[in-house]
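Two complexes follow with chain A in common, the first pairing it with chain B and the second with chain C.
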Partner chain A sequence: MADNVVQKYSEYDHHAPDITLENVHRSWDNLRAQCPIGRSDAYGGMWVVTGYAEAHEIFHDPETFSSTPLIIPPFPQAMKMIPVETDPPDHFKYRTLVATPFSPRHAEKMVEPLRAIVNKLIDDFIETGECDVYETVATPYPTLMGTIMLGLPDSDAKLFEDWTHKIIHMSATDFEVAGEAVIELYSYFYALLEDRRANPCGDMMSLLAEAELDGEKLTDEELMGFCLLLLIASIDTSQKAIGSMLWQLGTHPELRDRLAGDPKLIPSAVEEFLRLWAPVQPARRATKDTQVCGVDFKEGDQILVLLGAANRDEREFPGAADNVPDRTPNRHLTFGTHIHRCLGSHIARLEMQVLLEELLRRIPDFELADGAEVEWSKGQVQGVVKVPIRFTPGPREGA
Partner chain B sequence: MKVLIDGGRCQGHGRCWSLEKQLFEPRDDEGHSAVVGGEVLPDDPDVIAAARRAADACPERAITVITD
Partner chain C sequence: MGAYKSAEDLYRYMGQIFALAFETPGLKEKLNATGVALKLNLSDPDSVIAVDFGQGVVQYGGDITMDVAVDLDMTADTAHRFWLGKLNVPLAIAKRDIKVHGSVQKVLKLAPLMQPLHEKYQQILKDAGLEEMIG
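This part shows the complex of A and B:
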């Protein structure tokens, strides 16, 4: 078909080159209307979940549905990403090690530093009246937040973005390039952890360097598993979620005006943007033969859980395609659910709220530039990755 | 009225305490939820409505609101 809407589960491939913003959600709706779970021929065969109740049920049985591997086809990684690719009972021990820096209390302390970052980024373009806000805000903001969270030098931001992009978006097409990025990332963090062992400074890397499980220091494999996840999960996911949010605001002036005029709506509106634009589409693997939701899974079967599709299931969200900023109930699954609930969710939510507060305060009339073409990033971390906008120029606020 | 949080279900999403700050708060580093001041709350229609909104927002269905 000309618009490339996927007609059958058997043809579904989340990396297919013809996926666009125009057809991605229509394909999901089309598949879900046939059945909430179906079988694709891609990657040696995989189940694809598009229904909300079905995604919820699978996520609530981590013993039967392991989160290793999380990625189809897998990243060229040597070790499991920790904690997300670990299962009970180890999962809990790993997760507890890094819980404090991701706590609500700590996230709250990040609000003013985040506000300062956003305002500095806005200062850099506000006098021009136009920019690609994906490049000026959605890209650097999560990276800078990630460097603060993890205790990394912000001078290496470009390096982190480059590795993250290659690993997440090139593993399916150019395994070698992605593999080199993984090796560079491991070498970088290996050296950094050596340094933190000698000079601990209370940051996340020092915490990992000194962490113990059952009286033993973490192995190099475990440390690299943590570092790969912590870096890519802080950066790429938020970039895509923010890109999609800004694209939707730039194309929906009535929604933009409503939020600019009533900032109290922003926290609830952020949940609605998260629902509509879930960046992460994780995978699971059946650990035994089982029947769930009427489907016979065999041990070893891989399952792609399209959280973005589950979040647009009319059975759970009436008028699912509409952005309703005060939608209630809104039990979206964007941060996952059950034991793998996104560790960074508390900080990510505040990151998006602060961004909207400041952007709508300083350039309340921004809109998509004439002739701007949408660029959609597909795969397992999805979102709009180009958002050219124009707006009434304003003054810088910083020195 | 009473607001009960099932500690076995709550996974620290924080949807309740981020949307209804006056009624819920995080009780640990994961963000597992607690009812501010204990589970018994006044039978005020606004408070009941806020508690129900929070219960509706929970992806784990961990919150139960009991009114007489």
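This part shows the complex of A and C:
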């Protein structure tokens, strides 16, 4: 295995310790060149999808390809994550319950709160001339955003980050530690929902506490299923997407300067960062014997859909490895598609746009620090998780 | 009134499941490997079961002499639902239906190992003519 580039599908394991930023995309390109779908021996056997058309076809048939379980190996979660791990027809009912707060109209209201968070975070390091921007921005920014969206105290942000990290990144290696984090998370939200039942205040938790399906309040299992997903999905995925975006900007000064000089490009540039750095690599399960693009799936087969690989498929994206900030069309699959399209996609886009606007305004010359060691997060939420940068120090703007 | 009317009944039927666990090839070794010793402090009816999974030893009520690393407080009904396979353990801990004194991680390690015993517990109750307890 030269440079630890995976040569055969049978060897592929998304949790393999030797996956790095240097080899992850070369492995995916290598596998896709052989075949867009292949069979891995990992985790009792799983199909691995690297092609765009194949991923698209699987996502557009949720009856045949269930999203339960979404994770390989599964989190120690005890309950399905709702709505993403539910199938039709229940899925629609669950999703509708929480759709409004995630709508584009509601997301727009978050622009100024987002800008305030970003500028406060930049204030905290702008006078230093150097920092790990993953630690100072990419980590806290989505967490603080999540606390606003979900109506949680920002003083508990570190707790949320700790649980999220353990659940997403330690389930495959230390099931008990991840399980304990799940229980702590459930305990926290169970108590919070009890409080919201007694004292509703119009936030997301109050909405869930009061929600009814077919005339019945949600069960404890359903409520915990919602809470687990809402918390971890709002934090970890955005952290990884932002970390990767900042690494690419820090290593591509011409791209950074182009966006700094033409902020109108930022919305389409964000789509291109999202395409190139899809953090989530979700799983599906075949509910019956079926065939996709000549591959036979048996009922019960688990399938890992590498969206990061599908988004770099030359058949759909000419010059797929290049960052083309005004790429059109750009039908990437980063947020999924069809019924399981990410509820938080509008917020996530805005998060990244506002971050770029402010970062490029205040530290337009940031670049990766000399000799910086970059880290890649493996598993089903992938991305760059260490981005040491240097820049010309500037003034704080806040009090 | 809970499913069990007396501690004696509880020891008789729930006790059998531990004996079965340590007699089941494959499972016995997995349980021994955990090395966990824990105590179930049950209420309604008040009863105590201590299990050393490492040594394969079970003690009841006033006869308990072993030291344990983990204490679990719950009602006898909660324990009964667990053995029937009808209890979501992480949720029960979160709701404080099970209070854990000691390592939650050890409990999480043990709980999934018990899965093959749920059917056997139901069989024990059926054999004793207690189908109504299965629900």
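FYI, the second predicted complex is superposed on the first by the 398 of 399 C-alpha atoms of A that agree within 3 Å, B and C clash if a C-alpha of one lies under 4 Å from a C-alpha of the other, contacts with A are read in each partner's own complex, and residues count from 1 in each chain.
To be clear about the criterion, contacts are C-beta pairs under 8 Å (C-beta built on N, C-alpha and C of every residue); 3 or more make two chains touch, one makes a residue touch a chain.
Values in this document were obtained by computation on a predicted structure and should not be read as measured data.
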Side-by-side fit of chain B and chain C on chain A, or clash: fit
Residues of chain A touched, compared between chain B and chain C (which is higher): B
Touched partner set for A:Leu333, first chain B, second chain C, both or neither: first
Which superposed partner A:Pro267 touches (first chain B, second chain C, both, neither): first
Contacts of A:Ser187 with chain B and chain C, given as first, second, both or neither: second
First (chain B), second (chain C), both or neither touched by A:Glu176: second
Which superposed partner A:Thr290 touches (first chain B, second chain C, both, neither): neither
Partner chain in contact with A:Glu221 - chain B first, chain C second, else both or neither: second
Spatial angle chain C-chain A-chain B, Cα centroids [nearest 10 degrees]: 130
Minimum Cα separation, chain C to chain B, after superposition on A (Å): 31
Shared chain A surface residues [contacts with chain B and with chain C]: none
Touching residues on chain B, where the partner in the complex is chain A: 11-15, 17-19, 26, 28-31, 53, 56-60
Sites on chain A touched by chain C in the complex: 76-79, 175-177, 179-180, 182-183, 186-187, 190, 220-221, 224
Chain A residues touching chain B - in the complex, by the definition given at the top: 56, 99-100, 102-105, 267-268, 271, 328-333, 335, 337-339, 341, 345-346, 349
Interface residues, chain C side, partner chain A - complex: 88-91, 93-96, 104-106, 108-109
